[in-house]
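Chain nomenclature is as follows: A, B, C, D, E and F, assigned in order of appearance, with residue numbering initiated at 1 for each chain independently.
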Amino acid sequence: MLDLARANSIWPMTFGLACCAIEMMSTAMSRFDLDRFGAGVFRATPRQADLMIVTGTVTRKMAPVLTRLYEQMPSPKWVIAMGNCAISGGPFVFEGQYNVIEGVDLLVPVDVYVPGCPPRPEGLLEGFLKLEEKITGKRRFPGPDSRW
Amino acid sequence: MEKIISIMGWETVKTIVGLVGVLIFVVFNALILTWAERKVAGHMQRRIGPKEVGPFGLIQPIADAIKLLGKEILTPREVDRPLYWLAPVLIFVPVLVSFVVIPFDASLQVRDMNAGILVILAFSSLSVLSILMAGWGSNNKYALIGAIRSVAQNIAYEIPLLLALLPVIMMANSFSLKAIVEAQQGLWFVVCQPIAFFIYFIAAVAETNRTPFDLPEAESELVAGYHTEYSGMRFALFFLAEYTNIFIVSAIAVTFFLGGYQGPFLPGIVWFLLKSYCLVFVIIWLRWTYPRVRFDQLLNLSWKALIPLAFINLLVTGGLLKL
Amino acid sequence: MTDFLYNYLHVYLFVALFMLFCGIVGVVYRRTLIGMLVSLELIMNGAGLNLVALNRFVSPENAYGTAFTLIIMGIAAAEAAVALGIIILIFRKYRHIEGGDLREMRD
Amino acid sequence: MVEKIKAELGAALGGVEIRETEYRERGYHLSCEASPGELLKAARFFDECGFYLAAIVCVDYREYLELVYIFANHSALCKTKVTLKLDPAKPAAPTLSAIFDCAYWHEREIREFYGVLFDGHPNLTYLFLHEGIDAYPLRKEQVLLADEDKKALGAFRPEEGEDTFFVNLGPQHPSTHGVLRVVLKMDGEYIQSAEPVLGYLHRMHEKMAENRSYLQFLPNPSRMDYLGAMSFNLGHVTAVERLCGIAVPDRANCVRVIATELNRISSHLLWLGAYLADLGALTPFLFVFDDREQINDVLEAVTGSRLTYCYFRFGGLYNDVDEAFIAGTKAFIERMRGRFGLYEKLVGGNVIFINRTRGIGVIEKERARKYAVSGPVLRGAGIAMDMRKAEPCAAYSEMDFDIPVGTRGDALDMYRVRVREMGTALDIIEQALARLPDGPVMAEKVPKKLKPPKGDLYHTVETPRGELGIYIVSDESDRPYRMKWRVPSFSNLMIFPELARGNLLADAVAILGSLDLVIPEIDR
Amino acid sequence: MLAGLGVTIRAMFQPVVTSQYPRQLLAISPRFRGHIKLLADADNPDKNGCIACGICVRNCPSGSIKDIEGEKREGEKRKTATSYRLDFTTCSQCGICVETCPSNAIDFSADYNPAGFKREDFHYDLVKEFEKRKKSS
Amino acid sequence: MNFAEIIFLFIIAVTMGGAATAVLAGSVVYAIMGLVVTMFGVAALYVYLNSPFVALMQILIYVGAVTVLIAFAVMLVGPLYRRPKEWTTAGKFGAALGVALVSLLLFVRFVTETFPRAGAPSFEMTTKDIGRLFFDDLVLPFELISLLIVVAILGAIMLALFARGNK
C-alpha cells in the first residue's frame, strides 16, 4: 500500500545539469506530461523530493554538491541516471581526462539508468515506469516495445 | 452520552464535534484542491494532469498524502529544534479556529460568535508567527528571507483586508458572520461594495501567498521559501494549511460579499461550497497566468494603492450610511 | 457557583503582579534593547489585566476599565513601533543592540 | 577602414610590422606581433577607436606560448590579431582588464589552463577548475602547478562581513538553468556584489578537440550549447570548411540556413519560457514547449535527434531534406505567426511583466563594448550587430532581413529583441525555402581525412546567444593543434556582476534570465 | 492583464496535446537515431553485413565500439563479424560509424525508450542481437 | 474543581510560565515566544473576565501586531546577530530567585487579604457599549490615542527614512 502510494507519487527534484535537462523539461511539458503519473510536482528543495534525476555530466567540481543534495533528501529516495554522461561519463571520457566523473553510480546508488544522448522523453517516462516497477515489484503497463 | 453532555455542557460538545468535522473537512478539502489545482493547471497548459492514478487521477492526492506520511522524519542538523518542530503545528491553529465560525449553512455552523470575523482575523495573525518560527528555526538563508518577506507581506496586506471588510460590517451592523449573511437577503454586498470586494480579493490572494504574490516561496529566487528545510509530514502540514487558507479566504469572501449560503433551489451548503470553490478556481487561474511581482512593487501596491483606496471607500460608505 | 477559582479577584491580581515583576526584572537585567522591549510589553499586559479584572470585580456596572485596556493596547502598539524603529536605527549605526553600551546617543 | 586602421595602428605602435592578411582564409584583416608594452599601447589604441576585445586565446607551441588577442569592431568589418610571445618556463603578460573589462575572465581562464601570470590582474583565482587539479590542463607537456600557484588559484573564499551575508545562487538552483553558482553578497535584500563561479559543467571540450580528428569532434559542439546546437554545429563545420577550402553546394547551404534558423527560434522560445518561469509564471513555459515540439518534430524527421543535432557535415549535410520537411516547416511558420499574438497577450502586455523588467539590468552601449557582449544582449543595448549580416556564412548573404534593436538596453528590450528576432528568423526561413535549389547536398571531393594547411583561423557565426568565435590552429595533421571556442554566454555572463550590484535579489534573477545563458557553453 | 486570463481560460477548453505514452505511442520518425544495429548482408539475409574491418572502431569519437571479431567462412570472399560490442552508454549518437561503414552494415535502430537497472544492460553485442532479431522474425 | 476551573489553572500556569520565559530565556527569539504565550494566556483570562472583545483585541493587537513586529525586527537584525548570551548563569538564578521570592511574599499577602468577589456575572458588555463609551465619556482619551498613533506612525516613517538616508 505504502509502496503503491510511493510509486505513484514520485516527486522529482529540479536538478538539471546539461543537455538532458532540456529533455527532462520536455517530459514534464504538455506533449509528454509527466504529471499523468503523479510525478509532475518538481520540488526545488531536496528535502521535499523523492527522486533525483541526474541529467547530464557530473564533473568533479559538482560531485560534492550532488552527494550533499542526495544526503539532504529524506528516504526513501531514488536516483535516475538520465543520459549517457550520467551513466558513464558518456562521450566525455577519454584518456587523460581530468574533470568528469565516469558514472554517477560511483557517487550515489542509482536505481534506473536511461541511456541516450539525450534520451527521448519516452525514454525517461519508461525510466519512471521502471522505477515504479522497482518500487512496487510489478509492472503496470505492458512491457516496452523494443524496436530494434 | 447525556452524561458527557451534562458534564461538559452542550456548547462544548457541539464545539468538539464541530472541530472533528472541521478536521475531516480540512483534509478532504486540501485533497480536492490539490487535485483540482493540478488538473486545472494541466488543462490550462493543454495537457492532462494526473490521470493514471485512479479514475481521472482522483486517487493522486491520497497517494501523495500517504507518501508524505511515509517519508523519513528528518530533522536537519543546525536547526533550532523547538521552533522547527512547533511551526508546522502552530500554522494549523488559525485554520481550525477560522472554520469554527464560518457559516456553511443557516444551521451548519460550529459556533456563531458575536465577534465572529474578529476571531478569524485575530487568529490569522498566528500563521505569520509560525512562518517566522519556521524561517528562523530552519537556520537557512532562503527560509529566513522567505519568512521575512512573508511577514512584511502579511502585515502590509492585513490592513487593506480589514479595511475592505469594514464597510460590509458597517452595512450589516454586526460582527457576526451569520448576521452578515442574513443582511444580504435581498442584495449581495458585492453589488454595493465592488471596490471593497476587489481590494479584499487582492489582499486575500496576497495573504495566502499565491501567485502573483507568492514571493515568500518564490521558487526561482528562494528555492521554496520558509519551508525549504521541511520534509515529509511537516511539509504536508504546511501544504495542508496553505490550501485550507485558500479555501478560508474564499469562504470569507463568499460570506461577506456573495451572499454566503443564500441562493435559490439548492440547499444552502451547496450554494456556499459552489461559490467558494468558484473563487478558489479564480485564485488558481490567476496563479497559472501571471508572473510574480517584485517585493517593493508588492509593498507599494498595498501601501500606496490599496490602503488609500480602502480608506476612501470606508469614508464614502460611512458617509452614505449616515445620510 | 461563586466559589470557583476564577471568580476571585486575587488570582488575576496575582498574575498581573507577577507579570509586572517579571517585566521589571527584565527591563533591569536584559542586555539587549529588544529584550527590554519584550519585558516592557509584559508590564503593559499586566496593567491591562489588572484594569479589566478590577473593572469586572469592583465596578461591574460600567466599562471604563475595559476601555482603558484598549487604550493601553493602542499605546503599546505605538510604543512598539517607535521603539523598533529606533532599535533598527541603532543597529544600523552601531551594529549591536545592547543597551548598556549606548552611552552616547547624541549623534 | 582596414587601411586606415593599419596606418594609425602602425603610427601608434611605432615600428611594429603590421601585416595585412587574406580575410577569406584567416578571418582577420590585420595581424601584428607585439611586445608587452606594445600590446598595452595597441589595446589603448583599439579602445579609443571603439573596438571591442573579441577573444584572448593562448596557444602552446612548445617552444613558446602565444597569446592571441582578437580586436573587432561593431560598426565595420575590421579584425586585427595581435600576438604576444611568452616564455613557456615562466609565462607572464600584462593584464588588459583595466582597459577592456572582458579581459578579466579571459585572463583568469588562461591562467588556470596555461599558467600565464597576468601582471596587475586583480583576482587570478580558479574560475573553472576544482582545487584537486595539479597540472595546467591545456599545456602540451605536463606542467605541474607550483605550490604557491595552487594556493593563489584556490584563493576564492567568500567571507561574511559584519553587516553582510551571502546567498549562494546555485550551483543547484532553479533560476540558474544549469549549474552556475553565483555568490551574492547581500545587504538585506539588496545585492552588494555578485561573483559567478563557473566550471560545474566543465567538460574539457577544448582538450578533446586536440585529441580528436576534425570529424570526430563533430558531436561535441552541439553539446556545448544544446539549445543552439545547430549554430554551433554550423560554426564548427564552416570553420573547418573555410580552413580546408571546401565549397558547399547551394542546396546544402540553404538547408543549413533553414535548420539553423529553426533551431534559433526553438532556442529563443525556450528562453522565453524559462525567463517567465524565473519571473513566476509557469504556463508560458509549457506553451513554448508546445511550439518547440513542432520544431523538434520537423527537425527530428531529417536529423534524427531532438536536441543535440549532429546534422551538418564537412562539405554538406548528413542527409537531404524531403518534401515532408518543407511542408512541415511551412506549416510551422504558419502556426508560429499566429502564436506571437498569444505571447503578446500573455506576456508582453502583462503589467506585472513589464514592471518586473523595465529599467532592470540596463546595459549602455559603451559598457556593452567593454564587456564584449554579443547577440540579443548587444542588440538590446541598441547596437545593430549581427554576425549573420556582418560575416555571413552558409547562405545568409543572400537573405534579406533586418536586425531588431532595442533602445534602453534593459531586460524588457532583450525580451522584445528576442521576440522580434523570432519573426525575422521566420522571414529568413521563408526566403530560404523559396529559393531552395535542387542538387546535391554534399560536396563532391571531400577527403576522408581532413588535413587543413598550416595556419590559423578566427571564424565567427551568430548563435542564438550571440557571437561564436572559433579559433583554430592547424599543423597539417588531421586533428587541430588548438581549437578555442569563444562562446557568447561567457561574455554575456561577465557583465552580470555589474548589472546586479545594488539591485534586489528578485531583480538579479530577472537580469540573469534576460542574459539567456547556457552554462555548458560557458564552461565548455 | 485580462487578456492573459483570456488566453489561459481558452487554453483550458482546447484539446490537450499530450500523447499518452505508454498508452499511445508517438510516431517515431524513420530517421530517428537510436543506438546502432547491424543490418543483414545485401546478398545473404541470413548473415550480418559487417565485415569486421574496424573502420567504425577507429572513427568512433568516444570509443564505444569494441571487440570486433570476424571469421572468414569457407566459400566466402569476406569476413563476417562474430562479435561486435557496443557500449551504448558512451555513445553520442553522432552517426559517424553509420556514415563511414564501407559495407553499409550499420544503421540506427528505432529503439527509442531503453531504460534499465544496470549500466551493463546497455553493453550490447550487436551480432547476438542480430541473430535474435533474425530468429524472432 | 470542575472542568472550567482546571482549564483556568492551566491558563494561569501557562501565562506565568510564558512571562518567566520571556524574561529568562537566553535567546531573544525564545523570549518572544514566551511573550506570545503570555499574551494568549492573558487573552484567555479576559474571556474569563467576561470581556471576549478585549480578548480578541488582545490577540489581534498584541500577538498580531506587536509581537510580530518585534520578531520581525529580530529577524531583520538576526542574520548578523550572533545569538548573544543574554544572561550569565548566576544572574539568571539570582533573578529567578528574586522573582520567586517576591511572588511568594505577594501570594501570602494576597491570600490573607479579602477582596471583593464577583457575584453572578453582572452584565454582558457588547462592542456597542464599548463603542458608545469611547464616543461619549472617553472621547478625549480616544482622540489622544489616535493622535499618539498617528505621531508614532509618522515617527516610525521618519526613522526609516533617516536610516535609509544614512546609508
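One rule holds in what follows: contacts are C-beta pairs under 8 Å (C-beta built on N, C-alpha and C of every residue); 3 or more make two chains touch, one makes a residue touch a chain.
It should be emphasised that the depicted structure is a prediction, and the values quoted were computed from it without experimental measurement.
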| item | value |
| --- | --- |
| Interface ranked first by C-beta contact pairs | C-F |
| Chain nearest the overall C-alpha centroid of the shown protein atoms | A |
| Relative to chain C, chain with the most remote C-alpha centre | E |
| Centroid distance [mean C-alpha coordinates] between chain F and chain E, Å | 74 |
| Chain centre separation (chain B, chain F; CA means) in Å | 27 |
| Centre distance in Å when chain D and chain F are each reduced to the mean of their C-alpha atoms | 62 |
| Chain D: positions in contact with at least two other chains | 162-163, 165, 173-174, 219-220, 223, 283, 286-287, 290, 293, 308, 346, 350, 352 |
| Junction residues of chain C - those touching two or more other chains | 95 |
| Interface hub residues of chain A, defined as touching at least two other chains | 29-31, 33, 36, 44, 91-92, 94, 117, 120 |
| Of chain A, residues touching chain D in the complex | 14-19, 21-23, 25-26, 29-31, 44, 56-57, 59-62, 65-66, 69, 91-92, 94-100, 117-118, 120 |
| Chain F-facing residues of chain C, complex | 1-2, 4-15, 17-19, 21-23, 25-26, 29-32, 34-35, 37-39, 41-42, 45, 48-49, 52-53, 56-58, 60-64, 66-71, 73-82, 84-89, 91-93, 95, 97-98 |
| Residues of chain B defined as touching chain E within the complex | 40, 42-48, 51, 285-286, 288-290 |
| In the complex with chain E, residue positions of chain D that touch it | 212, 215-220, 223, 283, 287, 290, 293, 297, 300-305, 308, 310, 313, 318-319, 342, 345-347, 349-352, 448 |
| Residues of chain E defined as touching chain B within the complex | 1, 4-5, 7-9, 11-18, 20 |
